[in-house]
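Some structures to go through are shown next.
In what follows, chain A forms one complex with chain B and a second complex with chain C.
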Partner chain A sequence: MQFYSNLSIKQKQIVWAWGFLALPVLFYGIIRFYPTGTAFVISFQEWNLLGDRTWIGWENYIELWNDPVFWKVFVNTFEYLLIGTPLSLVVSFIIAYHLDKLRFMHGFLRMLYFLPFMTSAVAMAWVWRWFYQDVPIGLFNNLLAAIGIPQIAFLNSTTNALPAVLAPAVWAGLGFQVIIFMAGLRAIPQSYYEAAKIDGVGWWTVLTQITIPLLRPTIVFIVVFSSIGFLRIFDHVFNMTTNNPGGPLNSTKPLVLMIYDIAFNGFNMGYAAAQTVVLFLILLLVSLAQLWLLRSD
Partner chain B sequence: MTRYLKGMALAGMSSAMALVGSAASAVEIEYWQYFFDARVTAMEQLIENFEAANPDITVKMTHFPYADYRTKVAAAIPAGEGPDVVQLFYGWLNDYVAADLIQPLPAETFPASQIDEDFFPMVQAMKDGDQYWALPTAVRSLALFYNERLLDEAGVEPPTTFDEMMTAAKAMTKRDGAGNITQVGMTAGMTAQDHHWWREGLIRQFGGEPYLDDYQTVNYNSDAGLQALEFYASLFSGDDAVSAIGFMDEPQAAFKAGRAGFHIDGSFRIGSLDKTRGLKWGVTELPATAEGARSNYSSYWVNAITTKAEGEKYDAAVKFMEYVTSDEAMQIWLDVVGELPAKPSVGLTEANANNETYGPFIRGLAYANTTKFANESGQRQLMVEMVERMTLEGMSAADSLAIAAEAEQKILDDYYK
Partner chain C sequence: MTATDIRASSATLDRSAIVKPRNMGQIVRWLLLFLGGILMVMPIAYMISTSLKWPHEVYNVNLIPEEPTIENYTYVLEDGRFYWWFVNSIIIATITTISNLLFDSLVGYTLCKFRFPGRQIVFIAILSTLMIPTEMLVIPWYLMSQSMGWLDSYWGIMFPGLMTAFGTFLMKQFFESVPDDFIEAARIDGLNELQIWWTVAMPLVKPALAALAIFVFLGNWTAFLWPLIVTNSVEMYTIPVGLSGFGDEADVAWELIMTGAAISTIPTLVVFLIFQRFIIRGVVMAGLKG
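Our next item is the complex of A and B:
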């Protein structure tokens, strides 16, 4: 107590600040940073969860570099990102743009778009998995068969499976993005539109010169947010392909699923940790790009 | 106030004494298994019977979802927590031994020569020198399930040979106008039990030996392996296919829904089929070749004493192990879980071996082999991909087989190095 009363006001403020900060600092230190640090260490070790950990240097990373499955999975992960992000961005913008202009049943429609976002990804994935089945049970293929079109192999195909898995993931994220876009649209001052109207400018010019430029912070946020989401895609893929996770022939396997499989089915923790480090670096780069984009605003 | 506090302290002390006193006369041991409804129920019965016979021992069972099981065991035992008796898959034994998680069963109570004699031969995989590391209560094998209604409708009989099976399956396959299969004669899919049937059944029946050197060397990239793969692929390829990969999502789902004539599966499927309303099913031994060659696959879960059990807990654990490997326990396990007794003395009783449902599985044990997996899901995945390369990419059976054999050898090499 003597010690505390001898402190200056400035020092006391610091003590109090750290007192309050202690909880989150401890939380982040123990729950976040300590395991993250351990993952980096394990990535240089060989460990099957049961035995001792042995130091093997860069061997896990060398194995990763030479693993054709890893590169296939790497490409898949970026396919999810490069198809999923632009697609969901464009679709959600179009929906938000038109929904914003609509007055009739506005709240109800907005709720309908938001509903999938609140639904459990697992339940959704299983329902879509059923949609995609072959005849006699699949919804889509039964419809096709009913009108005499040959059935399509959705999930049991190396080319169709990835888009088929991605579709419900994009759909599920739409609601959230529509809401964010609508908030962004409402934040644009009406005076700009009034000025444009007085000048007699067409809707295309209004869209490209006023709306989209002023939506930039919103767009950056959604791009970064959904990019991280698609880079970490797991639950949709895992649940739609549980019998053959990431299949057929690894054509739908994202990085996170490969990490899960190697760690908790193969019990090769070191190799899995090396992959998490790679995933971490990818996510880090995406986040740095976000900071850079926001700063130049 | 002071008197009140003193009274409280005294009461606390005496109740603490009472606790110590009761702990001295009773031993509590802990048993861990993964969660599967019927297994938990069966174990509860076993524990009840065991405690009735040994009033000074209590057994506390803890179960976890399968997905967390290995992680929890690995974390708990080295920390001195967790089970005294633990259940593990036979394929994990090497890892558990290497990690010093379990100790060998005492040779006085479990003499190896006696166990060799009493148990079905595949259990010998648990033996090291003249000591056993672990023992099963029950084992599993494969058999051919058939849908009685579909057999009657097509006017065919349950098969005993491959040829009969194929003929019957063809008779039960139905297609719609566009040629899409709407009912399969037989289910197919390496994701289910078919990879076991292929490895330990078909390859051996075609005259091959799937692995050499105690399952450390892949040996199926051979004529027998190729014939086995071509036979398997003939189920779902060509215009006269009797099956389709991924039909109704999962093989067992198609069979349950009454849309499949035949389905190969383990004895653990009996329980869920029994609960399926409107399904009339029967089961028969896996079909033989024309020459009568048969082969089957068997697997099992074992119980072992952990390194954590010492002193009186160890003695209690030994007693508990004795009970769960007794004839009585095996019969309870068969009745409750539907898994087969690990001893011929229980399994091959008149009543069990001729039982309409369990009989085919139990008879299959006599010619069953147990694959020693290094990474079961990884090795299964290679079989799945072997078939996918043929169906989705049009690769020849020989090329696809060679790739699978090479990839599996790599898994084994990494594991045994």
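Our next item is the complex of A and C:
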């Protein structure tokens, strides 16, 4: 205590600051940084969790490069991204754009769109899985049967299964994007619109020349946020295909499911770690793209 | 009323002036958005409706059950497992939320209001962890839990999420709005730094704390991948892990799965309906500032 009271105000501040940070710094070191290093190290090893860890250099990455399942999974992951991101961006923008122009029961409509965001992915994956079942169980096929349209094989078809799994993921995320878009729209100064009105500019020109350019930071945020989400898709796929994870014939399997399967069913830790490094690099590229897009303003 | 409030309310007036009752365009727009909104909540409505149906009615497409019953809920809860999973999820989400509120705000506050050697390094180090996906860490976390004996325990499920870089930056942003003069004045009054943080700074960022609490709680309530990996006994499952296994059992009926799904979803929906305005504001704050 004698030591403390002899310190200057500035030195006391330093003591307090590091006192506050001691535990968190320890936490980030042990729970974030050390495991990150471990993941890289394991990716260069061969290890089945029970035996010894042997250093095999780039072997896991070479195996990955030559693994047709990995490439299938890689393509699937980007399919989720390339369908999911533009689709949810456009749909949520259209909803937000029109909802922003309405006052009557505005809060109620907004609630309807936002509600799915508050659900749990696992629960809703099971609900949608039930919707997709064949007659006489599934809701969608029952509705189709009622109006005399032929049945659709959703989760049993190698072509339909991926969009079918993606649908609830897009559905659950829409509300969040609508809310963010509406906040972005609100932030655009009214004076721009008033000036456009005085000049007699049409709505399409207003949309493409004022609204969308001024929404750029919002659009970049939503694209990056949803891209990262779709690249990491797991809960929906796992729960909608538990009888044959990632099936049929790996047609829905994303990278995270392959990692889970290889690490915790196959116990091939090194090979799975190499895949997590690939995932890390993909996500890093997306984040860097965001920084680059926002910086060039 | 601040300047932004005035601007917001005048914008509202402008907008309501545009809406004339006989404006057909607006009516069509409203009807389409209303239909879209009804479609959006249909999956939730069907989940709840099916959970209230008798087995013979489950595959009818009618939304309103002919004879509503809570039989499915009684059956699922009497089984006991959903009860444990629910309790587990509540405990885990609550403790994790409290931990994040305390530590994220303490770190955010320190990085925002103190000047000390190493500040920049700590800041960048925590920022850089945002780049590391959880999926990359689950294998090392699993090995760590295995060697420390944390597998299949509350601590094992919780430890990765006790602090988050996202929460830290959200809080740091909001502490920027706390005037340094307030802190200086409290220092002159003889409060120590811990007291200043807790009694002066924290009350001023309550909206941000609420936003963070919602995000952390919802995130942990619905978390799936890590709890799936770290738990292996049925009593330790969280609701999503339990529901996933329950749905996969050989002869389980769809109405019971829907009941389980409803049990895991209804609490967050109820919380949302009560605090709607507040939550939406929090989501916007966290989304744009975080």
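We adopt the following convention: the second predicted complex is superposed on the first by the 273 of 297 C-alpha atoms of A that agree within 3 Å, B and C clash if a C-alpha of one lies under 4 Å from a C-alpha of the other, contacts with A are read in each partner's own complex, and residues count from 1 in each chain.
The definition used in the following text is that a contact is a pair of C-beta atoms (placed from the backbone, for glycine too) under 8 Å apart; a residue touches a chain by one contact, two chains touch by 3 or more.
Since we're looking at a predicted model, the values are computed, not measured.
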{"item": "Touching partner for A:Pro248 - first (chain B), second (chain C), both, neither", "value": "first"}
{"item": "Which superposed partner A:Phe264 touches (first chain B, second chain C, both, neither)", "value": "both"}
{"item": "Partner chain(s) touched by A:Ile137 [first = chain B, second = chain C, both, neither]", "value": "both"}
{"item": "Chain B versus chain C as contact partner of A:Arg103, first or second or both or neither", "value": "second"}
{"item": "Which superposed partner A:Gly200 touches (first chain B, second chain C, both, neither)", "value": "neither"}
{"item": "A:Gly57 touches, of chain B and chain C: first, second, both or neither?", "value": "neither"}
{"item": "Touching partner for A:Pro68 - first (chain B), second (chain C), both, neither", "value": "neither"}
{"item": "Broader residue contact with chain A after superposition on the shared chain, chain B or chain C", "value": "C"}
{"item": "Shared chain A surface residues [contacts with chain B and with chain C]", "value": "129-130, 136-137, 243, 264"}
{"item": "Chain B partner contacts - residues on chain A that touch it in the complex", "value": "48-51, 129-130, 133-137, 145, 148, 150-151, 155-158, 243-244, 247-249, 261, 264-267"}
{"item": "Sites on chain A touched by chain C in the complex", "value": "13-14, 16-18, 20-21, 23-25, 27-28, 31-36, 38-39, 42, 95, 98-99, 101-105, 107, 109-116, 118-124, 126-131, 136-137, 139, 142-143, 146, 168, 171, 174-176, 179-180, 183, 186, 190, 221, 225, 232, 234-235, 238-239, 242-243, 256, 259-260, 263-264, 269, 272-273, 276-277, 279-280, 283-284, 287"}
{"item": "Residues of chain B defined as touching chain A within the complex", "value": "67, 70-71, 74, 95-96, 98-99, 101, 176, 178, 180-183, 189, 191-192, 244-250, 259, 375, 377-378, 381, 384-385, 388-389, 392-393"}
{"item": "Touching residues (chain side chain C, partner chain A) in the complex", "value": "8, 10-12, 14-16, 18-19, 26, 29-30, 32-34, 36-38, 40-41, 43-44, 46-47, 50, 59, 61, 103, 106-107, 109-110, 114-119, 122, 125-126, 129-133, 135-144, 159-160, 162-163, 192-194, 197, 218, 221-222, 224-225, 228-229, 239-241, 243-244, 247-248, 254, 257-258, 260-262, 264-265, 268-269, 271-273, 276-277, 280, 283-284, 287-288"}
